[in-house]
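Both complexes shown next keep subunit A, but they swap its partner, so subunit B is in the first and subunit C is in the second.
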Partner chain A sequence: MAGQAPRDPTGGDEVAPSSTGDPPISLYSSHRPRLRGRAGSTASAVSTVVVVGAIVLVLSSKSAGPFRNGFLDLHQMWIALVGDPSKGIVSVGKGFFLNIWLSLLCEVLVLVLALGVATLRLTRGPVLLPFRGLAIAYTDFARGVPVILVMLWIGFGVPSLNLGSISSQSPVVYAGFVLVFSYTAYVSEVYRAGILSVPQAQVQAARSLGLSSRTTLRRVVLPQAVRNVLPALLNDFASLQKDTAIVSTLGVAEAVHSAQIAGGVEFNYSGFTMASILFLLVTIPLTRYTDHVMARDRTRRLASATT
Partner chain B sequence: MRPITFGPVALLAPAVVLGLAASTSSGAAVATQGATRTAAIARVVSTAPYPSLASCRTTVTRETRTKGVLTVATDNPVYTPWFVDNTPSNGKGYESAVAYDVASLLGFPRSKVKWVTESFDASYAPGPKAFDFDINEVSVTPDRARAVTFSISYYDTTQSIVALRSDAIVHKHTPEELRQYLYGDQIGTTGLAYIDDHLHPTRAARVYNTLPEAVQALQTHQVDAVVVDTPDGQYMASSEVKGGVQVGQFPSTGEHYGLLFAKGNPLVSCVDSALEVMTRNGTLASLSKRYLRAYTSIPVLKP
Partner chain C sequence: MTRIAGAPTVLRTTALCKSFGDLKVLTGIDLEIAAHEVVCLIGSSGSGKSTFLRCCNLLERIDSGTIELFGHDLAHERIDENQVRRHIGMVFQSFNLFPHLSVLDNVTLGPRRVLGEERRGAERRARDLLARIGLADKAAEYPDRLSGGQQQRVAIVRSLAMEPRLLLLDEITSALDPELVSEVLELVGELAHQGMTMLIATHEMGFAREVADSVCFLEGGAIVESGPPERIFEDPTEPATRRFLQRIIAAGRL
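Up next is the complex of A and B:
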């Protein structure tokens, strides 16, 4: 990027300035040329006031009273957050920890297993044909069935199989298994797309240098593949993090189920608002980080292309 | 009381929907209701005098959602003994019969009663309702009464003892003997409150976070008995607890199921009149004798 105009602090200007000197145009809002001057700031101030004002107006209107009482009651949100054992209300905050550690644990397993599935699907050897078939059948199935159905199947079906310790696990274990099962399929497809996006010439070059096909995969293809799909992987992670809420179908007191319990006791939905806030506290920074990684990666690649 | 915990028992209900479990036991619905846990139960209902049924018949048709039609909501699926064959409109089952009798007293013929589906979680949504009242084994509590309006009782719930067949409590349960046992229960339940307030055991009850944990403790002889809602207890003793038996029930302390109305719905006063008449003339008693035998036949113990 040497010799270019000062960098946009948001990590923009990934498109090299054209010869006419116009600012670069990007699809991403944070990289659009900024409106400058009084006209610009007035316009943004007015539109902000209008939008925020409209939201405040709707929520504070008399007719929204039941909504405010039912969903935005601060006292109820607090009760849901910390719980009230004397009424049998379990803490949404405590439940949310389960969402967090479960998603982290599952993500690690998913990243490892999905890479295996993706590489298996891309193998060519005749011996591996049945395994390739299985891998394809698995991804088709796991991606084609709603996670909640798999959750119900495994969560209620496995305990009824009477398979000793396999059938007597905590619902959290089944839920973790289902999340890993479903997300491995998605993520393996992301990996596969990434691997296929690496030009064939790279492989040919590596092989002609004498690298084995395994080393080529590990040292040449995968590093580029993963870099290409990093935003998609982070995206799936955010999605996995949210989908831990499906564990509630198995009666595990994670954040959503805890909010449901509080709702049933108090006849008030503010616990759901509390749970939403907790999820946003995690997913929004994660999304921003994904954006940041995307921008950084684009900058890097363009930099390497121009030097 | 409606879903509050979903223990393994409650998991049955969705499993039934999936076709993974073989049978829909009569208790599945009861089980989904989990345990009740308001320590302080008060009659959060309007008090007499109720308007006369004659005057109600002229006013109610104007107060219903759809003029001349009484719209009644319940969940889907619903279970015996509250409904029969998952068909609220067949008039069978305790709650279906109560709904039709209330309607008839208010001047609505059977054809003018319309059933709609409302899940428990949706029944207390703020704002206008899609029904005149909801009948769904909802326990009346002061907390809940802040969000909705309840009718007077159409079913008084009682607490009952569940133990293992081999336990001493099955045969020895005079008030004095009941004090000697070690009880277990879920935190925050009315069952636990009942143990503390009425049984006064010599050893403090063991308190568990979930009902399944308490059941586990009973099963493994860590406690002598648990105290739960009679409908829950009936299901536990018949299906969930191996070798379980419902030893007996205690006189009601006023905890009850009520019909659920939108907050401030004026229709409630006429429905209360109807329920009051049904209590007085023995309609509720005979319906409960007909449909709730499994609960009413359990011997009543003196605490």
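Up next is the complex of A and C:
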């Protein structure tokens, strides 16, 4: 072990001689070292100023004028947000409340129904065979057909059937039904993946205690399954929240349809910008929270894997 | 412990066979355990020890032969497997504690959901059991905060909380770091001393020799030789048993 003094890395000689007669090895990078500390923060400050400056320059330039006036007109955004009954402009803000409560109501129904579909697909038992078949056909159909198609089909089709009270519901009811119909299929697959991700050993441990298959599912499998797929469930919730916009195809005055009306009356589309901002106010925190849950989940898994 | 004369038979299997597809795992196991008896199953991996234990609490369906628990044929059409399992505790190689439940909830799940105990009573009993293994202060912890040895002891206590008539231990120290093996084996030794009826699949020959009333050597899914530990370990008659023990000695595990 005696005596090889480390070479000075700045000394230019990248090769450390070997005492054993093996070929020499190099441990030093030929690249410039990464900027750290003060030099690093100065560098990022400069680059930030440059990028932000470029964006401001482009947006304030003369040729960006039509874009500013058409999409970013603050006055028009305000009119769209609060509405103007004298011109027939309905409020985007009020419409957005419909998006919010419709998505919440649908999400609750979806979470419950999807769990039923998922467990139905995973249970054995001869009596349930035809129901399992139906559940598979349903998930294939609902996931394979565009939501907007089902929305138009149900929203305009069902009222035309003259089926008494079924055909005379408010468009919001049809819209809610379609969203629940489509998303239950997606979410049931998420649940199913979650249930399958729970190790069989957990089931065996529970059954060995004398727990019935039902109690095992409820007390051992589902809590772990939901925890495993929580990020995916939150993702689907964010999608559902956005897809409430499809309700606009049925002429319901939710945020997007209201923005469309404002745009048609004023010949200015800043209302869409307003609607986007409202959606982002909800979806960005939601996706950030999802990321947080995923990160927490990953560290927990790492922690339990190393113990 | 030696066998108490006239003690009732807890478990009896006759000509028990089990295959997975073309693979014959058990080829006719005859075994009998009396109350308060400790039987150790030894043999190399793949000899059928684990499968046999899993057949005994109906985790695996047998192909032929019989299993009797306290004289009741478990193949009877009106046998309820959940009723069978509540009387048979099982502890696994990989602990299989429920990771989403605290230690206390792991132990009380069976008593509350199977025996219908009140939360309060079940928790008091669970805390008593945890205190007996020195883990009273871990009651609120989650399993991933515990060492392997602690987890396995909790798994044993989880089984004991059901007050089983028979305990099946499936290589319960095989997944443990060497320094954690003894704390688990000491607990099992204590249970043997208290008269718990146990069927133990193990690679720990020294432990088997110490704790067992009877040792069965399995090879190719059948019991090749069985008898008191002194005879099996010191004077085995079957060549297969000798070969196995020589390999164990060569590996420094006896």
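The working rule: the second predicted complex is superposed on the first by the 262 of 307 C-alpha atoms of A that agree within 3 Å, B and C clash if a C-alpha of one lies under 4 Å from a C-alpha of the other, contacts with A are read in each partner's own complex, and residues count from 1 in each chain.
Methods note: a residue touches a chain if its C-beta (ideal position, glycine included) is under 8 Å from a C-beta of that chain, and two chains touch if they have at least 3 such contacts.
Note that the structure is a prediction, hence the values are computed from the model and not measured.
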| item | value |
| --- | --- |
| Partner chain(s) touched by A:Phe67 [first = subunit B, second = subunit C, both, neither] | first |
| Partner chain in contact with A:Gly116 - subunit B first, subunit C second, else both or neither | neither |
| Contacts of A:Gly40 with subunit B and subunit C, given as first, second, both or neither | neither |
| Subunit B versus subunit C, judged by how many residues of subunit A each one touches | B |
| Which superposed partner A:Gly53 touches (first subunit B, second subunit C, both, neither) | neither |
| First (subunit B), second (subunit C), both or neither touched by A:Phe267 | first |
| Contacts of A:Pro285 with subunit B and subunit C, given as first, second, both or neither | neither |
| Which superposed partner A:Gly133 touches (first subunit B, second subunit C, both, neither) | neither |
| First (subunit B), second (subunit C), both or neither touched by A:Pro146 | neither |
| Subunit A contact footprint on subunit C (complex, rising order) | 57, 59, 81-83, 85-86, 88-90, 92, 94, 96-100, 109-110, 113-114, 144-145, 147, 158-159, 162 |
| Residues of subunit A defined as touching subunit B within the complex | 66-67, 69-71, 84-90, 152-153, 155-157, 159-160, 249-251, 257, 260-261, 263-269 |
| Residue ranges of subunit B touching subunit A (in the complex, touch as defined) | 2-8, 10-11, 14-15, 18, 20-21, 35, 37-39, 120-121, 124-127, 141, 143-144, 146-148, 186-189, 209 |
| Parts of subunit A lying in touch with subunit C, wherever the complex brings them together | 201-202, 204-212, 215, 219-220, 223-224, 227, 300, 303-304, 307 |
